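Each of the next two complexes has subunit A plus one more chain, namely subunit B in the first and subunit C in the second.
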Partner chain A sequence: MNLPKATRTVRLSNPEGLHLRAATVIAEVARRYRSKVALHKGSQRAEATEVLQIATLGAAQGEEVVLEASGDDAEAVLDTLVDLFHGGFGHEEDEK
Partner chain B sequence: MQKLQGIAVSPGVAIGEALVMDNEGFRIPRRFVTRDAVDDELERLEAAVEAAGAEIAHNREAVARELGEKYGAIFEAHLQMLQDSRLRSELHEMIRERHYSPEYAVSRTLRRYAQVFQRLESSYLAERVYDIFDIEKRLLRHLLGRRREGLSHLSSPVLILAHNLTPSETANLDRKFVRGFATEMGGPGSHTAIVAEALEIPAVVGIGPFLAEVSGGDTVIIDGDEGVVVLQPDEETLARYRHEVEEKTTLAARLETLRDLPAVTADGVPVELFGNIEFPYEVEHCLDRGATGIGLYRTEFLYLGSATEPTEDVHYQAYSGVVRAMGDKPVIIRTFDLGADKVPHLRPPEDERNPFLGLRSIRLALRNLPMFRTQLRAILRASVLGKVRVMFPLISTLLELRQAKMVLADVMEDLDEKGVPFDRNLQIGMMVEVPAAVMMIDHFVKEVDFLSIGTNDLVQYTLAVDRSNRDVVSLYNSADPAVLKLLTWAIAAAEGAGKPINLCGQMSGNPIYTMLLLGLGLRRMSVTPSAIPEIKRVCRSVSIDQCRAAAERAMGMENARDIKSFLREEVMRNVPELGL
Partner chain C sequence: MKFANFISREAIRPSLDATDKEGAIREMVQSLLDAGRIAAGEYEAVVKMILKREELGSTGIGRGVAVPHAKHPSVEQLVGTVAVSAAGVDFASLDGETVHLFFLLVSPPDRPGDHLRALENISRQLRDDTFCRFLKQAKSREDIEQLLDEADNNQFGS
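Coming up: the complex of A and B.
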């Protein structure tokens, strides 16, 4: 079985970095696709469906994150995620 | 086995099961579970995760409904973190492979995550650590159920090991089952020390970080005589301490027979033995030991326990209970004696770099007259119920004493106008605890009805030693000849003026000093209730002549160490049964 794979590199543009709500949005999106998605920051790896893991990456503004997907919709899920990264994860947030 | 050295603040030895409290007053449970219990414990974890999840989901909906979807999002994040698959497998592994209890596994794992966040450079992300703590607390609450309530629901005897104990934690303490305290923080005079003394249980404070080394349920030893805490004691150490506990019990039983005998010296000179108390329930401890009065009723607990200023009625309830219980025996109530930093409802001091020399005690009371007057009104109202006396602490100048007396006279006038009854002849006294007060003692004795020497502060101010500072505490010594000279002057001046003088510091509760103090002419001592029988034993075993001779020799010596060892020998020779 040879699943399609896809990789993208994004640089975090929003000032808060990969914050909690962003992690939640990423996890929600990742769960809607069949592909398995992971985020890498340096040697650290996080499952894209797991909020705690994503948040623990501690990716800050200006840092690079590598997205990897494997599955029949690998390209599609990464396209959506990259859009999210570029859009700063929706509106600026003011939680709490 | 691990021996830890701290500061001994309440005497005695306790051996028993540890109850470990974390920084937030949560009880940290046993660290390990048995092999057979692993499946049940895993189930308990799952139930707690599920319950915590349901609670978060409920919060999310409630908040989203009230404030909008955006605000509910944080709870969604919490929910997803809680359900993180790696977190779950880590917890399972700890319970299954290492036999950790679910509580311990949760605490450990989430604190590790918290550390990761704390190390992040982005301050925004580092703030997320509070979300992790929130999840930890939520899970622990579900795991522990009612057991989380720390010190108020105990079912068996325990020794409390904690970072620090706050007034609110000790306020609801289940007194029946607490057998000792050991804390990482704190010094003599700390809240833990006062509560331990009141409960008459051993306590060691200022140990430094050690809670990571011990687990709830472990057997520990708290040696409040030497300031030592023993973790994982070996058999030999346990046996030695058990023997010590037994001997103390035997001695206490023998001393109990002294209860109804008067404190008179072998040659028939009567000595008044009063008790020091902080909490109203300690009156029982005093009466049980045959105290002939309360020589020092500290009122600080009234200010520490709650976030708001105590009302006149709160004061009155406390005082009237004590005064009624003591009947016709005197009760000396000391007015407010705290620094602003300790009182929740006062503005924190801005420029207090040196609290012991700062705005505290009577100085603070005179700057907060409404608060001071409230206390004085309650004392005056209670004065009709028995033999009440009022005492002002930390008096350093005559002006200060006169100011305090004026406020009291003013409150009396108020009560008179309102037709509230009080004792018009209420005796007024002062604490002698600042060297300046001793220098001016000839003047002071004319303006008060009685005096009481507070050696704890007097020693500290005379020798310029902060006794809660570990680096200099060895310089703190009640037997220092400079201190003894001050005592001699104060006692002689009071005697000359015909005013009773009392000694209510820790020095009077230590039998080593009893002969010296009697020899210097002191005839009234106020001690922690548990020390009354020992001190009475010494009084009854010696004559005033012997005491005078001992005092004279001690006063001729040059340093505290010689004086102390001489006095110890003297008392050993005369009262060998104390085993000092």
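Coming up: the complex of A and C.
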């Protein structure tokens, strides 16, 4: 059986990059969906549900991250994650 | 970035006394102050910023680990410390487990890249179960220093 697959490429626009709270929010979102989601930065891969793996990517402002999902809600989970990336993961000002 | 680049050895706490979140954060910031990494007059301000960051979501990221952190203009470079709690601290972690290992970071507001690279290093090392286990078992500052050195020499991690 072939599960639906989806892929998106995003560029990190926020100055903080893929910081800890961003990683946490991504993991929380990914856990709410059935699809299996991974983040890629170059040859590095992280499971989207694992905060430590996402943080290990060390993705900084301006860098590209490829999101891959596989499952019946693959498009939906990536739509949500891409919105988070474009929104800079919210609350940037609060962390200063 | 290696641990040696941002962990203040003098500020390492092998045995935290505090058993609650604010107490643990205060103890670690105090140890940075005692090590001369944070100015005495900035103690309360730094503690408040770290607690404010925790309000956005716990930095207790599971596996008994927390990375409390804040930006503060009083530091000119990234400073950090490591602390171990044998009893465990209730840190409102994502997985509900108590926290035994702490990496506390304070960084200048204009250096997000340094913070990110430190976080990348901490995360990579913490993914190694052996590193985590040895660190939790560490009894002295020297034990912790040795483990950080071994990690810096790529003896752990994936």
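Assume the second predicted complex is superposed on the first by the 92 of 96 C-alpha atoms of A that agree within 3 Å, B and C clash if a C-alpha of one lies under 4 Å from a C-alpha of the other, contacts with A are read in each partner's own complex, and residues count from 1 in each chain.
In the analysis below, contacts are C-beta pairs under 8 Å (C-beta built on N, C-alpha and C of every residue); 3 or more make two chains touch, one makes a residue touch a chain.
These figures come from a predicted structure and were not determined experimentally.
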> Fit or clash for subunit B plus subunit C once both are placed on subunit A?
Replying inline: clash
> Is A:G87 in contact with subunit B, with subunit C, with both, or with neither (first, second, both, neither)?
Replying inline: neither
> Regarding the shared-chain residue A:R21, is it in contact with subunit B (first), subunit C (second), both, or neither?
Replying inline: both
> Thinking of the overlay built on chain A, is A:A60 touched by subunit B (first), by subunit C (second), by both, or by neither?
Replying inline: both
> Of the two partner chains, subunit B (first) and subunit C (second), which one does A:E47 touch, if any: first, second, both, or neither?
Replying inline: first
>> Quick one: is A:P4 in contact with subunit B, with subunit C, with both, or with neither? Answer first, second, both or neither.
In response: neither
>> With both structures aligned on chain A, tell me which stretch of subunit C collides with subunit B: 23-31, 41-49 or 59-67.
In response: 59-67
> Looking at subunit A, which of its residues have contacts with both subunit B and subunit C?
Replying inline: 15-21, 23-24, 27, 51-53, 55-56, 58, 60-61, 94-96
> Residues of subunit A touching subunit C in their complex?
Replying inline: 15-21, 23-25, 27-28, 51-53, 55-61, 91, 94-96
>> Please output the residues of subunit B touching subunit A within their complex, sorted ascending.
In response: 70-71, 73-74, 76-77, 80-81, 84-87, 113, 116-117, 119-122, 124-125, 128, 131
>> Using the touch definition from the top, list the residues of subunit C that touch subunit A in their complex.
In response: 52-53, 56-57, 59, 61-63, 67, 69-71, 94, 109, 112-113, 115-117, 119-120, 122-124, 126-127
>> Taking the touch rule as given, give the residues of subunit A at its contact with subunit B in the complex, in rising order.
In response: 15-21, 23-24, 27, 47, 49-53, 55-56, 58, 60-61, 93-96
